[in-house]
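Each of the next two complexes has chain A plus one more chain, namely chain B in the first and chain C in the second.
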Partner chain A sequence: MNFSHFIFRRTLMVIPLLVGVVFLTFMLVRVGGLDPVGLLAGPTATAEEFKMIREELGLDQPLWKQFVIYAQNVIRGDLGESWLSNRPVLDDIMARSLISLELLFWGIGIGTLIGVPMGLRAAFRPNGRFDQTTRILSLLGFSIPTYWLGLVMLFVFFYLLRWAPPGMGRISLMISPPDFITGSYLIDSLLTADWRAAHSALAHLILPVICLAIVSAAPIIKQTRAIALEVIASDSVRYARACGLQTRTVRSIVFKNSATPIITFVGTEITGLVGTMSLIEYVFAWGGLGQYGLNAIVRGDFTAVQGYVLTLALFSVLVFLVVDIIIAIIEPRVDLS
Partner chain B sequence: MNLLSVQDLQTHFIFRDIDHQLREAKALNKVNLTLNSGQVLGIVGETGAGKSLTAQSICGLLRPPAKIVGGSVTFQGRELLTLSEDEINTIRGAEIAMVVQNPRSSLDPLTQIGAQLVRLHQTHTGGPLAGSRKKALDMMQAVGIPDPEGRFTAWPHELSGGMAQRVLIAMALINEPKLLIADEPTTGLDVTVQAQILDLLNELVARFDMGCMIITHDLGIVAHYCDQVAVMFAGEIVEQGPTREVFLTPAHPYTQQLLAATPERLQLGVKSQLGGQPPDLFNLPTGCLSQDRCTLATEKCGAPPPLIEISKGHLARCHFVKPAEKGRSKSNE
Partner chain C sequence: MTGRSPSNLWTMARLGNRIRGISRLSPTATAGVIIILLFGVLALFSDMFMPHDPVSSFTDRILQPPSAQHWFGTDGNGMDVFSRVIYGAKFGFGIAIPAVIIAVLIGVPVGLIAGYRGGLLDEVLMRIFDGLRVFPSIILALAVVAATGQSLLNVVLVLGFLDSPVFARLVRSEVLALRSSIFVESAIAAGNPTWRILFLHLLPNSIQGAMAQTAVRAAWAVRISATLAFLGVGIQAPTPEWGAMIRQGAEFMVSGQWWVAIFPGIALILLVFGLNLFGDGIQDILDPRRRVSK
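Entry: the complex of A and B
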């Protein structure tokens, strides 16, 4: 009873955050130096035309009024129209979010599944051979630029070896995508038992997922190692050793006590990786939200940028909400009231 | 045969500094201790003297860069220093149990205390789970935890410091150890709780006929609870003997200074002779380690002082100590 209460109250706490987020996205684009009027009007427009467009967009109104209108629209789910696609931004974002989420899910999922055990193992024998190898690997993961990694992987596995399909989207052009169920081509084609599509979707997923996994695993390894080392040096683990508990038991105590900070870190990683996502999507022509946002920023499509930033912020808020709930489940020390 | 006998134990911190120079901090030099069943031994000494390190070395709990470089530790006639991690694990928590200083942070925060007691009993004693559970409840009862059934499912963070210390004592005793090492078991607890905990320890030591080692700064605790006392300075035991004898006729100049420095005496206007820095562990003087702070020191002290038996069971490491004539002193065992 206490727990559902906690979740309810924690969810309510999101509301002021969201208000702030809406305000920030509004301001960000205003002060971000984008000039939608100039873009829309084109180089040959007269001063008269400029004025007309400004009025049409409501940009002649005072700033606070613009904000109120914007906030009302956001609440109604109206994020405006993209001038590039001439479609409601919300529709674009909905369609593309799932595409990006699929990549993010597999990428971070695999990055975490690799990174956490490696970090723990390195911490159990600091400065051992495994630790030293891992340190070099994660340093590499840190220092390689993402887009370069993606390009090299394409060059090697597509161009040279022909193991992977070209980096052009999520499924072969020769294959019709499966019916929409979850938005993930892989899962949807599996659900509809379309093995050819599933095979193609999987083949297209592998390289970008590996890319993202490498980029996300490096900091996770490093941070897990640091967290675990701190836990190993803590009073409770020293005491567990003094009690003669078996190495296996001591390690599971270390793991359990590292879980909370590791989960928090992975949460931060997820929200921090969206920039990296854009680059990976760009290299592999993934067509997800990241690529959409990048495109909108480059072209100055300011309603789309606003929608993009708003979605990312909302996503972060949700990730931290989930992180907090997971921690409340595993941590007896969290005060639920 | 002594329950525990520590001979010339040496523990150093060996590491490379930022210039990749090999550095060696000689934290324990020639620690000699003996302890028998049923006895309570107090270890005193100023901070940094190496008291905790001695306890950790005995239990094989050192982590790099700390390393035992010499000496021996025999427990019930068995050498501990050459045991593998798995072998020593069967002794730690079972035959040698520790009570540590920070009870609240030392318990596993993610396991209920009953489960921790059961886990410890299962690890070393085994048997049916129900038996471990019963034993855990009995121990909680024995250390004076009210409502053991109710507290069985409590989390460590829900306990007060004194209650957590009782849990640690229950943990220490659940496998019926032969030796109990308590490192400042009451520091940080308020005075009435301190007395309760120490009385409890004392009573349980007598009841289970264990040997007990109490590390403390508090000479009052030593006087009240310990049969034997060992005085540490700069990683050396400079004097060990029956508490009464050491307190009434301290042999080593450092012990004399230490005893003279109790708050009560300082209040009476006795000037403390304690002071000055302990020697640099990276660069120890040859010979007597306390020569820089000793009013008696002469050239003679440049040579390592011998360990002299003043009377039976009363030893001191000093050039100026004379063995007493035979038959004059009597130990209070």
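Entry: the complex of A and C
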């Protein structure tokens, strides 16, 4: 079976899901019976003005027609204008996405690098001391509110120890950010050999990344352990053992066989982590998409909320797609047809 | 009831054995139960434990560090943090329990019907659930509460509603496996009406997995409701709710008054941790596949 053909068909399969996502996003605002007209018109507006704004926003149309209009706009890349700032939502989102991706990339990367080996090690000796400890630790990781962890970190490392910069933004105000190459201040400043900026960017990154890594590692540890235990109990691994292979070789077989479900799990975890990350951004005033979205929710700026929620959902769909493609590449058992 | 009759002693001894058996099966679940019970006592009898009124402010004692008089210090309004942390347990349970009950009451029947009927209804429901899964749950909860109205009742309703797919999925997959089993077929052949088959035959056989999830889902509800309150959505300060208290204390963290936010955070972690421990242990006990032979 042709590989590009597989990717094409897998991408087509996403379309019904996308329609559903756009519909749910649309309903999100309608379900509350929120009326943006009152917000836009202000307290002194006359009934005439109310009617005009209604028509302008298309709110006098039947619901299905409003949805069709909304879907058309989304396809054209028009997410509407923010009710509060009157700026196009898409521009705001585009400007902030990369800022958030940097945090997400490091957070999940480190979380996975910690979580997978710990989960595997726990599974190799189930109910051992290491397993019991990591089990409690990962349950604890599930239970710690991210924003609280961020605040405690700021208290300890900024207020008490003075090791970390204040939780405001991605780089010190005194330092000019590096030229735009990838959007990541750390990578860009390293590429342009701007060591002062690199140092400041790294210092600002560390605390939020640690928070995100802790939160993302907890479920990864738990799931990796469960997956590896199942693989260890499988016939192929029992056979490998029976053949008298070295423990190391058996373990590498276990790791290879667990890789696919672990990647799938990490992919599905990203959806939830994007939500968690927004709270970290909020606490550290990171200035990314998450902070933008939370502010929009808190202030009731619902075009922005819609755009934000839609972006997150589309991102998840994209991640699922990429995960499927990666698995198709590394997993010989997947039937491409 | 004297409580001393031989038969009573016998049942009590048996109960004791039972509890010991369970605690040996899963020490973590036992630890979880103990934590939950402790918070339950705090929530039910908070009046007995609170040294001060949780919402009355001592205007002359603003932001005081922990002392003999105020064990956890006072917050920016001069309110006693210790009393507020204890009172906060009421919100933890008061939101999580009804939210999970609503989720079960919606999710279980939906799962039963979808699994039993199959066809278009099932297909549509599963697609909607799939669609919901690509939204981060916390963001969805925040946005829906913000859109539908910010009240405590609404927080409970939205959390219950958003969590119902978890139970629907679990029950549905069980029902799918049971649908063509002999006891169901014979119940149909005996002329039982559909509702009887659903609720008397299928429900008791398919609900175990869903019930095992309730504690973990309650932990989720406690966490999410606190997050909402932290952002000021649904529950506003100075309500003595843990998330709202952390919100109040956030600004003081970088100026050194740590006690305002730290203590409610610890209480929140403990309760969620207890629920998670309990839920994890229950799943181990109920699902033999998860148990590891020693």
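Side notes on the structure shown:
Note that in this section the second predicted complex is superposed on the first by the 321 of 337 C-alpha atoms of A that agree within 3 Å, B and C clash if a C-alpha of one lies under 4 Å from a C-alpha of the other, contacts with A are read in each partner's own complex, and residues count from 1 in each chain.
What we mean here is this: a residue touches a chain if its C-beta (ideal position, glycine included) is under 8 Å from a C-beta of that chain, and two chains touch if they have at least 3 such contacts.
It should be emphasised that the depicted structure is a prediction, and the values quoted were computed from it without experimental measurement.
Shared-chain residue A:47: touches no atom of chain B or chain C.
Of the two partner chains placed around the shared chain by superposition, neither chain B nor chain C is touched by A:161. Contact with neither chain B nor chain C is seen for A:174 once the two complexes are overlaid on the shared chain. When both complexes are overlaid on chain A, the residue A:234 reaches chain B alone and has no touch with chain C. Chain A has more of its residues touched by C than by the other of chain B and chain C. In the superposed model, A:253 lies in contact with chain B only, and not with chain C. Looking at the shared chain after the overlay, A:193 reaches neither chain B nor chain C. Shared-chain residue A:17: touches chain C; no touch with chain B. Annotation: chain A has no residue touching chain B in one complex and chain C in the other. Against chain C, the residues of chain A that register as touching in their complex are 16-17, 20-21, 23-24, 28-29, 31-34, 126-127, 135-136, 139-140, 142-145, 147-148, 151-152, 154-155, 158-159, 166-167, 226, 229, 268, 271-276, 278-279, 282-283, 293-294, 297-298, 300, 302, 305, 308-309, 312-313, 316-317, 320.
The touching residues of chain C, when paired with chain A in their complex, are 28, 127-128, 130-140, 142-144, 146-149, 219, 223, 226-227, 230-233, 243, 246, 249-250, 253-256, 258, 261-262, 265, 268-269, 272-273, 276-277, 280, 290, 292, 294.
Chain contact summary for the complex, chain B toward chain A: residues 59, 61, 85-86, 88-94, 97-98, 100, 102, 105-111, 119-120, 123-124, 155, 157, 171. Contacts from chain A toward chain B in the complex involve residues 234-236, 238-247, 249, 253, 256-257, 330-333.
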